[in-house]
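You will see subunit A twice below: alongside subunit B first, and alongside subunit C after that.
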Partner chain A sequence: MDIYKALVDIVGEEFVSRNEEELYIYSRDSGLTEREKPDFVVMPGSAEEVQKIVLLANKYKIPLIPVGASLTLSGLAVPIRKGIVVDLRRMDRIIEVNRLGRYAVIEPGVTQGKLKAFLERNYPDLCHSMPDAPPSATVVGNILIHGQGNLSQLYGFNSTMVTGLEIVLPTGKICRIGSCSLSPYWFAVEPLPYLAGIFLGWFGTTGIITKLGLRLYPRKRLRDIEVFVLDDPEKVADVVYRITHTEMAEDVITMEQPYPMMFRDVVLVQIYFNGDSEEEIEFKRKMLWNSVMNYIRSRDGGFMFLTPDVQEDFLEKPASSVTRFADVMKGGGFVYCGAIIPVEKFAEALRKLKEIAKRHEITYGHVGRIVGRGHCMMFSFSFPFNRADRASMERAKEALHESYLATLELGGIPWKPELFAQKMILERMDKNAAELMKQIRGLLDPNGIMNPGNWEVEP
Partner chain B sequence: MFELKFDRAVCEDCTTVDCLVRCQYMDFDVEEAKREIMKLINGEDSVVLHECATCYACEEYCKRGNHPFYLITDLQEKKGIFPAPRPILRQWINLAIPGKKDFPHFPGAKEPVISLCLFPEYIGSIQGKLFEDVSVILGRHFFCQLVYLHFGKPSIIRERLPKIIENIANHGFKEVVFFHDECYSTFTSYANAYGIHVPFKPVHFFEYLYENLKKRESEIEPLNVKVAYQRNCSTRLTPWKEHYLDKIFELIGAERVERKYDRENALCCGGIIRSLQRYDLFVDVQKRNVEDMARANAEYCVFNCPACYSSLAKRVEEKGIKPVMIHELCKLALKRA
Partner chain C sequence: MMDIHRCFRCGYCKFPDDFSKYNCPPYARFRFESFSPGGRLWLTRAFLNGEVDFSKHLSEIIFSCTACKNCAENCRMGFKDEIVDWIVSARREILERGLAPPFVRDFLENIRKYGNPWGLPRKQRADWLRAKKYDGDDYLLFLGCECSYEDRGRSMAKNFVEILERAGVSFGILGENECCDGNEVFMLGELGLFQELAERNKKTMSELGVQKVIAISPHAYNAIKSYEGFEVFHYSQILRDLIQSGKIKPGELRKTVTYHDPCFLGRYNGIYEEPREVLNSVPGLRLVEMERNRKNSFCCGGGSGNFVFDLLRGSYSPARERVREAAETGAEIIAVACPACKAMLDDAAKDEGLKDRVAVMDLSEIILRCGIS
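So, the complex of A and B:
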């Protein structure tokens, strides 16, 4: 069978490639995962084309790797068993925005930047939860890896904001989940049995999303920030508890890094809040200040005075300072283990991060995001490296692997883990739960074609 | 180590106790003020050590040159009474540690030389007719350190200052123009009060601007604008150079509006008060100050200190008043010529 020709027949010659230079691009992401070239890259333009590709792959048992912008940094979109990479970025329509119901229906190729710009232009009183990823990252990709955004402190992981799904199942059936399965409205996946969970956090191993309903939220006219500074990491969890108790904050971010010097030996708790008027902003600011007044009085913590340029930097959405950190070693590389941990483990996690960095003679950075009013947090163990310096890359890799282990020791779970860490998770997981995952996957994907290697439970 | 030149007899004899009676952030009558100043000169605890907003104004209110503010800050440190939370102080201490981008020496720098302190963002503004042929030095190796007066940690100033002076002196300059008022006040008032030798002549930016405007007087087209001036804290340490400002305003055709909170009665920009975590006071001070400027129909709010600008510019803009640094206003008068 001439697979190339079959793919051309489905999407047209323009949207299939087996050229070495293009395969090279899809052989890697920006992290440290080993490269592996796919056999083909295909860019479908519709759910029907995706369906035909899946049917073809199923017939010939060819691995399929659905990708958005391939920005996970942990190799989730690297075709480790070769096969066909399905690049979904042509499917980038914002199909519908229901203003009064505050939801949007989008295709998988819609980027963070596109949705943000579209809403700002057409629905200025609505917004979505935006991660600090590059604007080229896809909204659906972020949701499928349980990403977090600037609204996660209020509403939880971005994956909890899904109101409906259209999926091409691994056997080629197109399936709708949620209200959209029986109604023209995409308002919720409830009150039906919660099937959405079979597709969220599975890294494309259970199907290919072709449409997604997404909750939108009120976008206030003004946005501001206060930065609370502590020199004792042990106090951070309580500070976060007090701040989130006010219900005044939109986003709460923790930060610790050795450079610039002003940030050394202190932990910053960035508190974002918003309002439609100055009065609302000032009221919220006052509530936030009052919530940590005990630390101010004891001289254990205080709010930073932010110069306008620093404030502007902090308020940027998404924060480009992340990319500056990525190039701190020059040569433009960084990896991180996003540990989802209880907030009470903050100080211990920070200690481990510093120990790991010291052991591997590597610089580090930490940015964390509170999820769901302190229900948990994403704690990043971040390590920059220089791509031109093999030794620096090795050190970063070793530090990263140790961070995965440290996360599990803390009672946390590595977020969007690379294969190595997925295995560590599965080994420690309740055996029956792991078996259930295997059964679900076997049921949905009997030929094991979907992003193989990921979430594979050993026999 | 350097000791403050402080004469207790001067305070004991004082009948007006202006240093505390005139304080804008604490309320004392003469009797109470006398009691508190006596506690201070005896090295005892006083409410002043806890409530001081660190505006520096008492240094100016004391017409006998006895350095009440320096005494307060030394006592705060001695007694461990820190006006700001520990982590905020930690940030400020770390801020001044030189990094890779800081140069201890500027080869080829020659007079006239302007020290830009830690304000690299102003390099682009040091250009045009007023700044022809000037050299600039800047960075943490030239940072005056005076800010630690606000945080009850003045020993850091005395510890670091000799090295900073050495870094500047190594260039062989006879005179150095200080862009930041705080630097000028460090190398004059503070160094003198603690007997720290400064082997070059500090020149205030006002003096530099005035002399250079004077040279180009024929090129000036008067601005004919009404301005409010925001005094910064360290001007209280060196009030003798303030007359240059009035001369500058006169030269460029800027009318300094009559208002309540000007000259010796000036209010703090609020930035430091906020850093000391006194949010209500910060809001109140900024509000009173800006409303006063607006009432006096000021069109511009003129700043001498970049930190004051950062703290107050947004507030004055909201009131329809244009914030401007003094040298930018001067350039405007020349540019129109």
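So, the complex of A and C:
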């Protein structure tokens, strides 16, 4: 069977490649992942084309790797066993925005940037929960890895904001989940049995999402920030508890890094809040200040004075400072273990991060995001490297692996884990839960074609 | 290029500043990551490291960059101003290794031999234009290759010459002695040839005592600015001055117009307002902006020689996308200030079947259309 020709028949010649250049680019990501090249890269333009590709792959048992922007930095969209990379970014329509119901229906190629711009232009009183990933990241990719955005402190992981899904199942059936399975509305996946869970967090191993219903939230006219500075990490958990208790904050971010010098050895707690009027903003500011007044009085912490430049930098959405971390060593890259941990483990996690960095003679950075009202947090163990220096890449890799281990020791779970960490998780997971994962996958994908290698439970 | 590994392939550079659309023309056209600025940089590095062999496809990836500078505008890293230089250096490396693809080789050879990318005879450069030769006038009018040989460019030159004459501006042209300004040659990585062309033009202009130059093409404007020693104006600046000083007074034109910013005028040289001031000076004319304007303008796809070899052609071409975007504003006229943009967008309007809805006209043509006094 001439697979190339079959793919051309499905999507047209312009959107299939077996050129070395595309195979090279799709065999690696912006982190440390470099793998074997795929056989083909294909860019479908519709759910029907996705379906045909899946049927073809199924017939010939060829691995399929769905790709958004491949920006997880853990190689989750990089082929492990060759096969066909399915770049979904041509499917980038914002199909519907239901203003009163506050949800949007989008295709998988819609980027964070596009959705943000579209809402700002057409629905200025609505927004979605935006991660600080580059704006080129896809909304669906972020949802599928249980990402967190600027509204996660208020509403939880971004994946809890799903209101419906259309999926091409690994056998080629197109399936809808949630209210859209029986109604023209995409308002919720509830009150039906919670099938969405079979697809969220599975890294594309259970099907290809071709439409997503997503909750939108009120966007206030004004947004502001206060930055609380502490030199004792042990106090961070309590500070977060007090701040989240006010229910005045939108987003709560923690940060600790050796550069620039002014930030060295202090923890910054960035508190974002918003309002439709100055009055609302000032009220919230006051509540937030009052919540940590005891620390101010005891001189254990205080709010930072922000110059307009610094304030602008903090308020940028997405925060490009996170991306710029890749350039701190002038090396074009960084990796991070995003540890989902209890907030009370903050100080211990920070200690471990510093120890790991010291041991591997590598610089580090930490950015964390509170999820829910302190229900947990994403704590990043971040390590920059220099792409032109193999030794620095190795050091970053070792530090990363150690961070995964540290996360598990803390009672946390590595988020968007690369293969190595997936194995660590599966080894430690309740055996019956791991077995259940295997059974579900076997049932959905009998030929094992979907992003194989990921979440694979050893026999 | 020492620092090319610093690209993180994060993709900020694909967008305008509000992230609404893909704004790197080859990426918007082909959509494979390899055609994005980051993909191009990573592949360049892989080629230089010997990880990827040279191929026709690689040459298309590297030469389809129109040097529009959107990436430099939107990359968030400290090296952003070097991105286009890296791409130019990659091209130079390809040329030096004798690997130039035929379309680039022909382009450069024609310029080397005939002084224009089409290989047309030198004497045809200005034999069609009734304008006096430069002879110590206030301004030298520099036409550039597109305005000398290409129909749409020629009509721009004719219109502008008419306005200058009617306004009583003292100017002259170089005629056959004008030589390609070299902007595209530079962008394609042939720095030696660029220097030759620059020296030649500089010599001709200096010998004639030229001090002030008006360039119609933003590409020529950009190149001549780098020659140094001359005061260079873009024709939109002259038009604006003529209107402001009352030397010409545009008549009424009841049309909705949108303006397309050329990369070498806008992002390269920061000239955004003068062309708009010209349009706003026309009574009755309603200027509407496209979603992507000024520093966020979407390149027509013609830069870096693509107005000749057009690697981005096809129904997803940037020019066609741009014409659709212009039509969405409800404009009846797309105003341009660059001969390459004019030809690219004019062809695209035809291909899109939008020619009856939106006319592509340059600033001078619009001014003449409304009548001047």
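Everything below uses one rule, namely that the second predicted complex is superposed on the first by the 459 of 459 C-alpha atoms of A that agree within 3 Å, B and C clash if a C-alpha of one lies under 4 Å from a C-alpha of the other, contacts with A are read in each partner's own complex, and residues count from 1 in each chain.
The rule we apply is simple: a residue touches a chain if its C-beta (ideal position, glycine included) is under 8 Å from a C-beta of that chain, and two chains touch if they have at least 3 such contacts.
Note that the coordinates shown come from a computational prediction; the quantities given were computed from them, not determined experimentally.
Three-chain overlay on subunit A, with subunit B and subunit C fitting side by side and no clash.
When both complexes are overlaid on chain A, the residue A:Trp289 reaches subunit B alone and has no touch with subunit C.
In the superposed pair of complexes, A:Phe118 makes contact with subunit C only, with no contact to subunit B. By the document's definition of touching, of the two partners only subunit C reaches A:Lys330; subunit B does not. By the touch criterion defined above, A:Arg264 lies against subunit B but remains apart from subunit C after alignment on the C-alpha atoms of chain A. When the two complexes are overlaid on their common chain A, residue A:Ser320 makes contact with subunit C while staying clear of subunit B. Once the two complexes are overlaid on the shared chain, A:Met43 sits against subunit C while remaining clear of subunit B. Comparing subunit C and subunit B on the residues of subunit A they touch gives the larger count to C.
The angle formed at subunit A by the C-alpha centres of subunit B and subunit C is 70 degrees to the nearest 10. In the superposition on chain A, contact of A:Glu256 is made with neither subunit B nor subunit C.
Closest C-alpha contact of subunit B with subunit C, superposed model: 14 Å. No residue of subunit A contacts both subunit B in one complex and subunit C in the other. Only residues 14-15, 17, 19-22, 24-26, 29-30, 41, 43, 69-71, 87, 89-90, 111-114, 116-118, 120-121, 134-137, 320, 323-324, 326-327, 330-333, 386-388 of subunit A touch subunit C when the two sit together in their complex. By the touch criterion given at the top, residues 82, 84-88, 90-91, 94-95, 97, 99, 121, 271-272, 274-275, 277, 279, 307, 310-311, 313-314 of subunit B touch subunit A in their complex. For subunit A in complex with subunit B, the touching residues are 229-231, 259-266, 286, 289, 295-296, 299-305, 307-309. By the touch criterion given at the top, residues 3, 5-12, 14-15, 18-21, 30-34, 39, 42-43, 46, 51-53, 55, 57-58, 61, 76-79, 314, 316 of subunit C touch subunit A in their complex.
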